[in-house]
């Protein structure tokens, strides 16, 4: 019988085995006695039986106050799926020094690489010409390049400057773009420190050739990009929807791209899967990506590494520094729902 | 009648109007009296009539020694198409201080952006999943991402490190890749100075996850990448053919990708256009791009800007610094032929 | 009478007027009603009278539990001097959602620039040769350069990788150094993400040509660099003491530099001012800087800007993001004492 | 008897042994049969005896046409001291495909590191306070920092943008300065490509906080920085004289710094050594450096490496790419004289 501290692993809707490299799993087992409850939702009675001894929970089972009050040894709850859900009594955690930590930052780099890929792809019509080539209607050299533009030196706009924006900005550095950022949650000075210029939403839309939508969805910002905002986008610009479909009027967005006002790429959709007969599937200047920007194997394995890194610090009475800690001011605003585990596994 | 010096514009196979912005054309007309002979091949008699007064020629009409000996005022010949052809008596030019200058470097940045686009595209299967989406067979989230990899931190190999490689390398800087370079024309120290590691061809092929083929074609390096070399490439690697189809055994290359040994993208093809029934059109893991990496409008306009910049310097008795000067050691080795002007205009 | 929320300004040992630009002071006055209690220590009775109405306190007056319990509106305490002192009941603050925020990060960039300056200065003997020039004993060209080395490509070691190290690392990027980092508080993965290599203390000391001491002082790490550690430093290396004199055996350090084992610079001293007759003043290869690396006007003005930025967020119920929040795991470990306000104003 | 090609080594005023690492000397001896004529000026008769067989000459002995006409095998002349002198018949070389190559670029990186060192040093008064510390009059913390400024974010001006400027610019990248460049020899587009802004001399002087003088001296630009230009410099700016004293009115320069108009550093002087009683030695805000920026051991060893690299290419009938080739338009304009070999060895 181990005298190591106890970690409860209740990973649903995450899959326990995919978030660890062999090396990190070994590190984890060095630190704690792992009680893994399976990848399905963990039964309440199992949680209840273990929680008095647990120093950490990996996953987000329901943790109301009554249950947390029995968790006298608990130091950390690791959200290993990427969002904060409203099934935890956060106030209790803040008052009792229990860290609630989120792995969402692991997706920032894969999404940033994908955002750059989309920008370069659409700027050069790569997806369009690849499809033509397969149909035998390809056009060589200059003819199919008349609308090609460089990213180097272009005017760029970011809508949102959280994890995604901060991961994307360094990838753009060699391109020497001027980057304008709209993010009402941030002071101007922080944006300047990242070498960007703060700007209003209308200015970002009306002056940028590449527009990256990187804003997470909150209870307050649903559908803030609709017809009035699309009117501001200059002809020939490139609109890249990376974060959440809920921030745009999606039908209007598709209509504009189909009509040729601007070009676009989208990784997110209002329904997933989209209906088989949805007109989005026919739009030639809209690169289609079925929610693939973040969830790649390297991202999943980073979750396990971060968990072990932070657990190690916490057990040494040091603050966690790899995952993002829930903040009392904001944790209750997040309205994301878990990705449907029936999709994409 | 102008007393400005004379420039003969014989742009074929280039198109005169597309290489100048309005601003640069004005600058040109300030500097010289332009005698434009049309975009078709210029008649010999017109060249002959003008050449005694010309200080510069834009284009590459035939310039054998007899003709050049009559060009007593000539200071510069601007190749505005991108290659050095063997219809000029280069020895005469070197002996008489006539600069022969090449605009080929303008294509380096567009090709570098395209090379990065291809790398990110293939690494994430973007072209493949876009095509599935249009057929209604797309897969959301993790399922279609099992083979997705990051560029960040990857092992990268460059085959060739001329203009293209030197334009691509800075774009990779934020990705913190280790870059190995094979280029038998270069001393190791130069490669180290660019933050890369010199390596043999076999090492580059066998250890790199992303392999960029960036070598120009010479009389000496035709088909240096064939079956033996492809055997060295690790399964799951990504092979990006950017420079010239003639350096690979193209059929073998297509066969390997179709068989799933590695993934790839190609911008160049042994015949352009490719036959309608060529199997390359069916290969799912081969991104197809019909020779579109370099010839974009911004590249063409850079030619005019460079020409004016260097002409201005030369008229002030300063050395040209924007275009690349023909070198006595190498100018006669280039075997490129002009792009067929019937294609791509 | 203002109906804006109340901020108590009790800046001692900071000076209120020097931390604000005119613009930031205007922004502050827009947000809150500032009750400024002078730059001397604020009388208890004034604090007591105001605290029930205060939403924020700028400064670190004594804030024991009894006093904080009367501060029912309090949301933030801004430490505007740079350290967390043990005169605040931090547990109460954590339990009641009161942010305790520290401006110490403003000094990181000035110290980082100074660290780079010291490294380049000592590597080239600049201070030594400037002094010789004034005495008329200067040596021109190569003779006085025999021991000069480049930073470019050198082996670099960081001892400590908090704010200072993370501000210095980007400044070294163009020099393409390999950087080894010793920091027992950090997981290896974080160090790798910054492009550095984690290493033990002995390895850092024995393999680095430039050694930067960037560790803050805690109750646990006093004098961890003494004779045994200095023995590991290679002849001709360069040792740069930037953070706290208390981490080194200072007399031993001076002795080693005087004896020529390595060269050095120091910005911090065990006593400030140092005794007039201390031998440190005579050591030719030790650049002397009287605690000048951090406290420059631009740093002071950043404090005010950060304060206003974070206050604005907090009043909008958003988390602060400019200053560093006290962490429950570590805030009680800091043993720094305030800089003596009699010095340096 | 060797059948390797012959290289004549006549290094004066360079010193043969200091320009080679052991490794590079081995590489050289693999390539050629080295006939070393000593570090003193080589006797004409020895040159004459060897020149018919030489493929390369390292050094710049007198090479008038008559002598070169006997050098039928000669392919390259390596200037290993850093300047082109007027004792070579350059026209003959250009007409006969003999490369004349210059190692001057090896000094660019050491000078660039020194220029950055001077900028940071003067910005923080490091040299001044180090001298005070040794006199016992040092001032701790803020008092002596009132005039300290950051390089980060500052307005920077370059006067000249040749090798030195292009080596310095990347070192400034992390500081996110706006850099204005005055260089009448360069087209604006080249300056833009380096991320800088072209500007007139007066604008550079009147708007920059850090002014770097990086211009080589030609027959045309002697003393182009005098009283009228100094009038334009803003109070408190920092003037860094890196390249040649002959471009400034030196006495006026010293007077201005002594009077407190601006601060400065100088690595070059109108006489070297300067007179013992020259007032420059007393100026507190002028950092003094006796011509030490370029000639460091790593620079000298780079000369040998470059020589071997380029010799290897030339013997393989490839163009040299490490050293800078003499250009017909400019080689006769250079008016530098060799550094007096009696100084600095």
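As written, the chains take the letters A, B, C and D, and residue 1 is the first residue of each chain.
Throughout what follows, a residue touches a chain if its C-beta (ideal position, glycine included) is under 8 Å from a C-beta of that chain, and two chains touch if they have at least 3 such contacts.
Computed from a prediction, not measured in an experiment: that's the story for all the values here.
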{"item": "Farthest chain relative to subunit D (centres taken as mean CA coordinates)", "value": "A"}
{"item": "Selected pair, greater C-beta contact count between A-C and C-D", "value": "C-D"}
{"item": "CA centroid of subunit C to CA centroid of subunit D, Å", "value": "37"}
{"item": "Distance between the centres, which are taken as Cα means, of subunit C and subunit A, whole angstrom", "value": "34"}
{"item": "Shared-contact residues (touching 2 or more other chains) in subunit D", "value": "none"}
{"item": "Set of all touching chain pairs, with the criterion as stated earlier", "value": "A-B, A-C, B-D, C-D"}
{"item": "Interface residues, subunit D side, partner subunit B - complex", "value": "94-95, 97, 185-187, 189-190, 305-306, 309-310, 312-314, 317-319, 321-322, 327-330"}
{"item": "Residues of subunit C that touch subunit D when the two form their complex", "value": "109-110, 113-114, 116-118, 120-121, 123-127, 129-134, 136, 138-146, 148-152, 170-171, 173-175, 272-273, 276, 281-282, 287-292, 295-298, 300, 339, 343-345"}
